[in-house]
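Two complexes are shown next, each including subunit A; its partner changes from subunit B in the first to subunit C in the second.
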Partner chain A sequence: MLYAKNRKLIATAQAVVNYKDKKAEKVITMRKTFVSMIAAAALSAGAVMPAFGTEVTLGRFFGSCQDAGTDVSAAVGEACIIQSIINAFDAENDDFDVTTLPTDWGNYYDQIIASYASGNPPDVHVMHRHRIPEYGQIGALADLTDDLMAHGIDPDDWTESAREAVTWNDRILGVPMDLHANLWHVNMDLMEAAGLVEDGRPILPSSPEEMMEHAEMVREATGQYYLAADFSEFEIGVRMVLAFLWQQDSNIFANGTATINTPEARNALELITGLFDGDYANSRTNYADSQQSFLNGEAAVLVNGTWVVDFYAEQAADEDVELTNYYVADFPTLYDEPATWADSHLWAIPASVQRDDPEVYEGALKLLAFINDHNIDWARTGHAAVRESVLNSDEYAELPHRSEYDNTVNIARDTPASARYGAIQDILNREFQAIWLTGKSIDAALSDAEEDVQSQLDR
Partner chain B sequence: MFEQFKTDLRWAGVRQNLVAWVFLLPFVFVYVAFLIYPFCRGVWISLHDWNLLAVTFNPDAKTFIGLDNYLRLFWGTEMTWRAWARPVLQGLCVLAALFCVWRYRTGELRWSTLWQCLMALLLLMFFFGWAPGEGGRWFDRRFWPTVGNTVFFVAMVVPAITLISLLLATALNRETRGAAFLRTLFFLSQVLSVTVVTLIWQMMFSARQGLLANVVREFGGVPLSWLAEPGFAMAAIVIATVWWSIGIAMVLFLAGLQDIPQEMQEAAKLDRANSVQAFWYIILPNLKRTITLVVILQIILHFQVFGQAHLMTQGGPNDQTQVLVRYIYQTAFRDSDLGIASAMAVFLFVIMSVFSAVQFMVSREDEQ
Partner chain C sequence: MKTMENRRLALLYTMLALPAFIWLVPTLWMVSLSLQPNALLARTTSNTFWGLIPYPLTLDNYLNLLAHGQVHVWFFNSLVVALGMTIGVLVLSTTAGYAFARLNFVGKKTLLVLVLLGLMIPEQAVFIPLYTLFSELGWHNSHHGLIIPRLAVPIGVFIMIQFFRGVTRDVEEAARIDGANTFQIFWHVMLPLARPAMMTVAILTFLYAWNDYLWPLVSAQRTEHFTITLGLASLQSNFAQSEGLGSVMASGVIASLPVVALFLIFQRYVVRAVAVGGSKG
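The block that comes next holds the complex of A and B.
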């Protein structure tokens, strides 16, 4: 097709040349040479230029991956796996040309909102389950319900929770990609040294008191931290507190009323500040530092999500990395009910694309079908798959460490749906960090957080 | 003939006017389209309950609410007035008033300016006296602390930049290769984008791999996590900003220094003035206009600080580095509350204007 296009270019150029007056043959000869040169340049450039299909712009987070290529099976980590899937689709489909827009995790949703407001959103973009209410209630997203089957996407193959994740007012607004949750990533060597390994599995605490005992055992035996997490940047600390709240059958709000200033929240926060007070954890570490300290063997447990399982497994296999004996565990139950924070990544198409640009909509849907077909590859990151056919496959069961945290899908929780999810998470992150970074009292922080969350719910 | 001359003259005037307008029009068009119109639109939006996403999909989703957004920012419930509600700020006002009176007594301030300053300070003291009483609360308890952080940031950064760049410019105002090299070196940081600057300083301040941490470890100390440490996070942002911004101020001072007649400096040398005296009595008085320019430019620039706080500390810990533009950005693009964000932006415009006007008044008074 590309060759045909270039031939057409040469033909057009020569037609222009032939049109010229024959008397000016000399000039024409020069022009012919010039046009041929341009055509030749275009032809040679064509070898490296992407195909001229309909452009489909794509917005995503997950970070950047240089030279992702098209070999999905060779990719490691979220960024490279998703980009290689996109590249593979691009290579297989000459009719469409997918352009991945530059975005950044910290400002992703701000960029997406701004792009919707300016009338120029990406033709297809990734988002979280928790954002569906915000976009769903104003009709920003395309209703895909009636178009999925025709494009080879079978919603009946999705798990119930995945279907719920993309459904708003009984209509399907997206294609789910995973369920991701907080896990305990464990350094088995440190746990072994502290006598916290049994039958090849780490012994995890079953009560707050036991967690402190284990922390002390690790400290005494190894001199290292018991637990590391990002307590000073993103919301990992908030997600830990939320899990402890749910485990006590409490939540941050219900039916439009904030319920944060509660004894359960105080318990959860005292548990975490107890770790800092005993020097069993460092409150000052951000995401990168906490991860690095785990890989360096400076913490027995790292609280982080499913998205890093394959990366840590790869790092553990590296001789230069201190972490060698890596294990993944479900978030432990310290109170009454098991629970861990979870969310879902999903892909959506703006309503304006469905309405105004059928060709692009077609391309975006084909891309989503392609991503849906590669659900097993995405699950390699460590995320839980959303398709029953993938979940029940041997290939999925054999993924590294998968069996170690297979109960996570059953204990996955999140806060109630709200269009103000982002702002509420920010409030909790600010107030909880104020407790362990600036010494604000738990009572004052909980009272301020409740007031601020209530004012968000009232808006 | 005289009549003819008058007509010609008039036509010449008209033609001159026309030519002037032809030259001015492109600028006026750009100025109106990209400054005046957006500003007026911003004020208009600030008078509405305006959800960015909702209005995009339904233009009628906005409601005119008058000054409610401003009230929501500035006010609270059970507001009461007490004479010394904020002793530090009000104490500063009293000190400033005493300073003005002293300047008037030494003849450096005119009577009318003294009155203007005193009235303004009295008004400020009155405003500072308002706070939520018992059982009351601010409608937005983060707004005034954010304003305070921004003013504090400007109060740290602007004098530091002015002083450092003035000293650097004075030291490097000579025609040697070394000075030329150092001038280029000090200006280099200015050409970097805020993203690069914050990346560099995040690495510098990192408690794990940072330069400062390594130096501290060398001496057997425990490195600080500057960006997560209360009291240090703002200092970290100030240091990064000063490092980033001294270049342009230094170049302005160099230009100002080169305008000082050589004869004056030579005369001072003949009178056996040492370098400190020459700096104090020759250079500083001659640089007053440049200093005013630099200070006003820096005030306007640094009130709009955003990237450093957004990328280095995310406004933390506990909002200690939350600044106005970041709050505006979050309110508009994270929370979609465009009305309130616009009200904040209008307020930012007003305080930038006030600070610039005060600085302008002070410098004008000095010149007279």
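The block that comes next holds the complex of A and C.
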């Protein structure tokens, strides 16, 4: 179809050239050159889109990987692993032709929301757990509950948190792919110098007071920061505060009422500002700065997600990198209950596809089953697997550093489900950053945050 | 006396060169970072002379981008969209500008107010209706789907109105005495006079079209219909800013090259265009 259109375009352009002034040879030569350029580019455009089988469009972020191929086991990194899985499905299924629609991460949801609004969403797309309420409450996603087993996807094999991630009003609206959580990335050389290593493992703090002691020990022994994290850009600082709240059996809201201005939140924030006040951490580092600081051996601990485990392991093996002895641990428990922030990547199918196009729906479900079967391959990115059978396998245990944070799947938490999740996170990020970046008092920030979050919950 | 003058000039140039250099630093930094390995940039962005000197030097970031099979398609799409939009805006702005400036017709003032109101309505406000309309027409993932929504450019009409109002009526009257009708006056007399203003509108439009991101982001979802800005962004991994900074910067350099070339060729007009219209399309 596209090829035919391109041919028509070329023919029209050539006709225009031929019809015009035949005497002006120089002009014609220029025009022919232009037509040739059109032809080359148009044919190239056609060449990248052969049409076989029923087309299934797939929306995703993670970046592009042009040479992903179909050998899933050889792929490295998020973009190439997921694209190789998609390519392998495409190669094995002549009935379906998957067209990937990649978008950069920062603008992904704008594009997806716009496509839903126009009634033209991708046939299957990736999304985060925290977005499920937003889409679920308007009935935008297909209810997969009754179709999963028939396609070889066993929801009972998913971990409890993974099942929760894709469930809305007791119905399953997606297929989970991973659990990604905040971890304690550790520079063992700095910890060793501070006397904070025992039996080859870092000694993690078990109380706020102990964390400050450890911070002082690292500062004394090495002169470096105890902890680095992105405190000035993304929500990693917020996620730390949330983890400390959950560890005190508190939360930011419950049953539609904001509960942010609490002693537990004050404890969590005072703990973090204490790190800044003692010069054990730098409040002004963003995501890239904090990572540089860790890789350059300027911080003993970096709070970041599962998605960087493989990257840091690779960096630690590079002789040019200061970080040489890398360990990654579960987020420590400083209060009563273990907890760390976590989210999930999952795959969903629009309700319109399930309703209007059974053939495409069938292809999309088969693709999701294929992705579900390759959960171990996706786990190579550093993310935690969501299938019990994978989590308990030797293959999973043998992945680099995986045994060091295997309890994370059990302590993973997130805020209560809300269609206003994004707006609430923005409010918390704004107010918490105001505390450590602009000197706003903790009381004022908590009060303002509670008021604004409540207004979001009331909408 | 001459020595004094030379000194004064030297001082003036120094005073102008310093802020110019400071203004250029981000651009130099972008080019320099684009020539450094991503692995190094993950650790430091100020390796040699605050990162301004690309050492160690690599062309990998550019080669990896250019090796992507669809980059030339994205360039072609950007060119078609930017040129199509520029031509379309010129046609609409000059005809509308002439009509508003020189012709009398019923409802002229009301219509002019409506056109200029477009300057005050943010594009985001009409985004979803526009998207839905184009979806119903089946115009997404096409060149015209990227061009048509951007053809109504009130600032272009405004610039042309201002220009045509400034042309003395004697010119028109002379042409009319010679037997020219309204269209002939517009085509043979006014348009040639309006070249500088048209150039201003054209450059503003081309720059806006080339750098446009939001509309192509939602309208062009298939990779073969991406513009260059959209395509290069789609290649970035989720944490490109920390793990693929060199590639991000190389994308920036590649995407801005045609705009830089345009600036160098039409520098005089660009300065005037920016002075007249700012960056609002």
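Throughout what follows, the second predicted complex is superposed on the first by the 403 of 459 C-alpha atoms of A that agree within 3 Å, B and C clash if a C-alpha of one lies under 4 Å from a C-alpha of the other, contacts with A are read in each partner's own complex, and residues count from 1 in each chain.
We adopt the following convention: a residue touches a chain if its C-beta (ideal position, glycine included) is under 8 Å from a C-beta of that chain, and two chains touch if they have at least 3 such contacts.
Just so it is clear, the structure is predicted and the values come from calculations on it, not from any experiment.
In the superposed pair of complexes, A:Ala444 makes contact with neither subunit B nor subunit C.
By the document's definition of touching, neither partner reaches A:Ala91: not subunit B, not subunit C.
When the shared chain is aligned, subunit B comes close enough to touch A:Ala434, but subunit C does not.
In the superposition on chain A, contact of A:Thr103 is made with subunit C only, not with subunit B.
Shared-chain residue A:Ala397: touches no atom of subunit B or subunit C.
Look at A:Phe62: by the touch rule set out above, it reaches subunit C but stays clear of subunit B.
By the touch criterion defined above, A:Arg459 reaches subunit B but does not reach subunit C. Contacts of A:Ala114 after superposition: both subunit B and subunit C are touched.
Touch counts on subunit A: comparing subunit C and subunit B, the chain ahead is C.
When the two structures are aligned on the shared chain, A:Ala74 is found in touch with neither subunit B nor subunit C. Residue overlap on subunit A between its contacts with subunit B in one complex and with subunit C in the other: 110, 114, 117, 119, 292. Residues 2, 37-38, 41, 44-46, 48-49, 57, 59, 61-64, 66, 77-79, 99-105, 107, 110-111, 114-115, 117-120, 122, 287-288, 291-292, 295-296, 307-308, 311, 315, 318, 320-322 of subunit A are the ones that touch subunit C when the two sit in their complex. Residues 39-40, 42-45, 67-70, 72-73, 76, 127-128, 131-132, 134-135, 140, 217-218, 221-224, 233-243, 245 of subunit C touch subunit A in their complex.
Considering their complex, residues 106, 109-110, 113-114, 116-117, 119, 134-135, 138-140, 232-233, 283-286, 289, 292-293, 420, 422-423, 426, 430-431, 433-434, 437-440, 448, 451-452, 455-456, 459 of subunit A touch subunit B.
By the touch rule above, subunit B contacts subunit A in their complex via residues 52-54, 56-58, 137, 140-142, 206-208, 225, 227-230, 311, 314-320, 329-330, 333-337.
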